[in-house]
Amino acid sequence: MPYEHKTRRVIRFAETDMAGIVHFSEFFKYMENAEHDFYRTLGLSVHMQDRTSAFGWPRVHASFDYLKPLRFEDEAEVHLVIQEIASKTVLYRCYIRKVGEENHLCAKGSLRVICITKEGGNGSMRAADIPPFFKEKIEAAPEEYLRELEDH
Amino acid sequence: MPYEHKTRRVIRFAETDMAGIVHFSEFFKYMENAEHDFYRTLGLSVHMQDRTSAFGWPRVHASFDYLKPLRFEDEAEVHLVIQEIASKTVLYRCYIRKVGEENHLCAKGSLRVICITKEGGNGSMRAADIPPFFKEKIEAAPEEYLRELEDH
Amino acid sequence: MPYEHKTRRVIRFAETDMAGIVHFSEFFKYMENAEHDFYRTLGLSVHMQDRTSAFGWPRVHASFDYLKPLRFEDEAEVHLVIQEIASKTVLYRCYIRKVGEENHLCAKGSLRVICITKEGGNGSMRAADIPPFFKEKIEAAPEEYLRELEDH
Amino acid sequence: MPYEHKTRRVIRFAETDMAGIVHFSEFFKYMENAEHDFYRTLGLSVHMQDRTSAFGWPRVHASFDYLKPLRFEDEAEVHLVIQEIASKTVLYRCYIRKVGEENHLCAKGSLRVICITKEGGNGSMRAADIPPFFKEKIEAAPEEYLRELEDH
């Protein structure tokens, strides 16, 4: 079962700031986009509905450590890896690299999301078990693999 | 009745791009924020609900002419003026100035919004007459005033 | 010589707003990204440098007319066409369509950019003739073609 | 000496997403804006220059834990506190609250920034000691105060 996903993107002008580099808040969008791309390759979406309720995935934690800057027209690889799946939450690790000879690491991120359901007309949200049709399509990465990624 | 609103804001780091100036797409957010501030001073909101339906104001046209750049920590004045009120739409004119000795004009914008209602569960949108409780609180600016603003 | 460029993109979660549709300011980024992609396919960049100075392309006008909304995970086609090339400026027309059976038009935009040079240490900007290595790679679209696009 | 700063802001439409709440990436901009506002109240700026070089403050770490959502037109208080000052870095803690009867906590963030200098024409960046004119204006918050804030 899949536990990782890689996408590539060219850095956009509007994502840079006056320091000439990608603004640090943009990395969080890159990480989220990779998560959604991952779901899509599995035939899933963050916005799904079964007979009685709608599922959603609010973010409960997000972080990045920044190592090297990205600049306009750089090609970036966003590498998302599932670190942990609990009954209601998923924890991702994210490695953003600048594509090139050295493929050097620019940032390391973490993202924890929680499964919620919105029910009825008032749309109140409640933490919920990850539905089986989601859970049976993903798994956590092997620990050695994660350790290896961290050491790079 | 009021036909204009002025707000001031300090330019934020994340609003700049690698050219060292505010990215042109940010001006559209400044204009929209001024519109919402204007409503708020009138006790109104873009998200209102009466007994049977919810109102909304999708944008049908937006434009800016850019004259001078804005930079990080500049103070900008966003001056919104109602140019025209029709049965279903409102047309705004917007002047963005850099606050300072000369108060020079940085950009001139236009925004046309249309009143819609969302009804029932499916949330289908339909163009609708601007509700009286909105219309009775605003009016179009006098033509001479608008002409004067344009000539500056 | 090329006078148009098409790119496709999937609508991102962070590009939507609480109305459930893409925020109107995002369309301006889509248009700019298409412009930069266009340059790139021609071996050009908005940030180029010759022996003595750096070129840039500040925006002098930008507008959109909004016809239909785009939503999360829609695929959008951004179609950029050169409408006019003057000595110092380029005027683009932009058609944003939702990819699908009907490929319906969601928004029509315009963008006028001006060529500037930044010289020496102080980085003062000055309007400049579009450099030959740029101009010889692009041309304006035939008028009939533009008319056809408008009539759709 | 000051070790904290509070600012208030009204949540903007463009900051929300289709889930009807502020997008999680926006919190990082709120935190950065509070940092810059803090500097400004001290007569400092993130972009300062002495006789030979320019200072900058790239972000090396940023994180948020999300507790409760913020919505359009909510008033938010952004409370920034200096947790630690080292020779080259500053670590901030940030509490974002929804202003109201209960003033409840919506998110807790951390931000570590590093002082760099850009020298000469090539603009190469190097980690540098925080300049005295900066350091003598700020201090870390007392530990008990930070502990108290965490326990709330």
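Letters are used for the chains, namely A, B, C and D, taken in the order the chains are written, and counting of residues starts over at 1 for each.
Here is the rule we go by: a residue touches a chain if its C-beta (ideal position, glycine included) is under 8 Å from a C-beta of that chain, and two chains touch if they have at least 3 such contacts.
Quantities reported herein were computed from a predicted structural model and do not represent experimental measurements.
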{"item": "Mutual neighbours - chains that touch subunit C and subunit D alike", "value": "A, B"}
{"item": "Same-residue or different-residue interface between subunit B and subunit D, half as cut-off", "value": "same"}
{"item": "Comparison of A-D and A-C by number of C-beta pairs in contact, larger one", "value": "A-D"}
{"item": "Maximum centroid distance from subunit C, chain identifier (CA atoms)", "value": "D"}
{"item": "Centre-of-Cα separation between subunit B and subunit A, whole angstrom", "value": "35"}
{"item": "Inter-chain centre distance, subunit A versus subunit C - centres from mean C-alpha coordinates, in Å", "value": "29"}
{"item": "Subunit A-subunit D separation of Cα centroids, rounded to whole Å", "value": "24"}
{"item": "Subunit D, residues touching no fewer than two other chains", "value": "13-14, 18-19, 21, 25, 29, 32, 47, 72"}
{"item": "Category of the chain touch graph - line, ring, star, complete, other", "value": "complete"}
{"item": "Residue ranges of subunit C touching subunit B (in the complex, touch as defined)", "value": "18-19, 21, 24-26, 28-29, 32, 47, 56, 58-66, 69, 110"}
{"item": "Subunit C residues touching subunit D - in the complex, by the definition given at the top", "value": "13-14, 16-21, 23, 25, 71-72, 121"}
{"item": "Subunit C-facing residues of subunit A, complex", "value": "10, 12-14, 29, 32-33, 36, 40, 45-47, 72-73"}
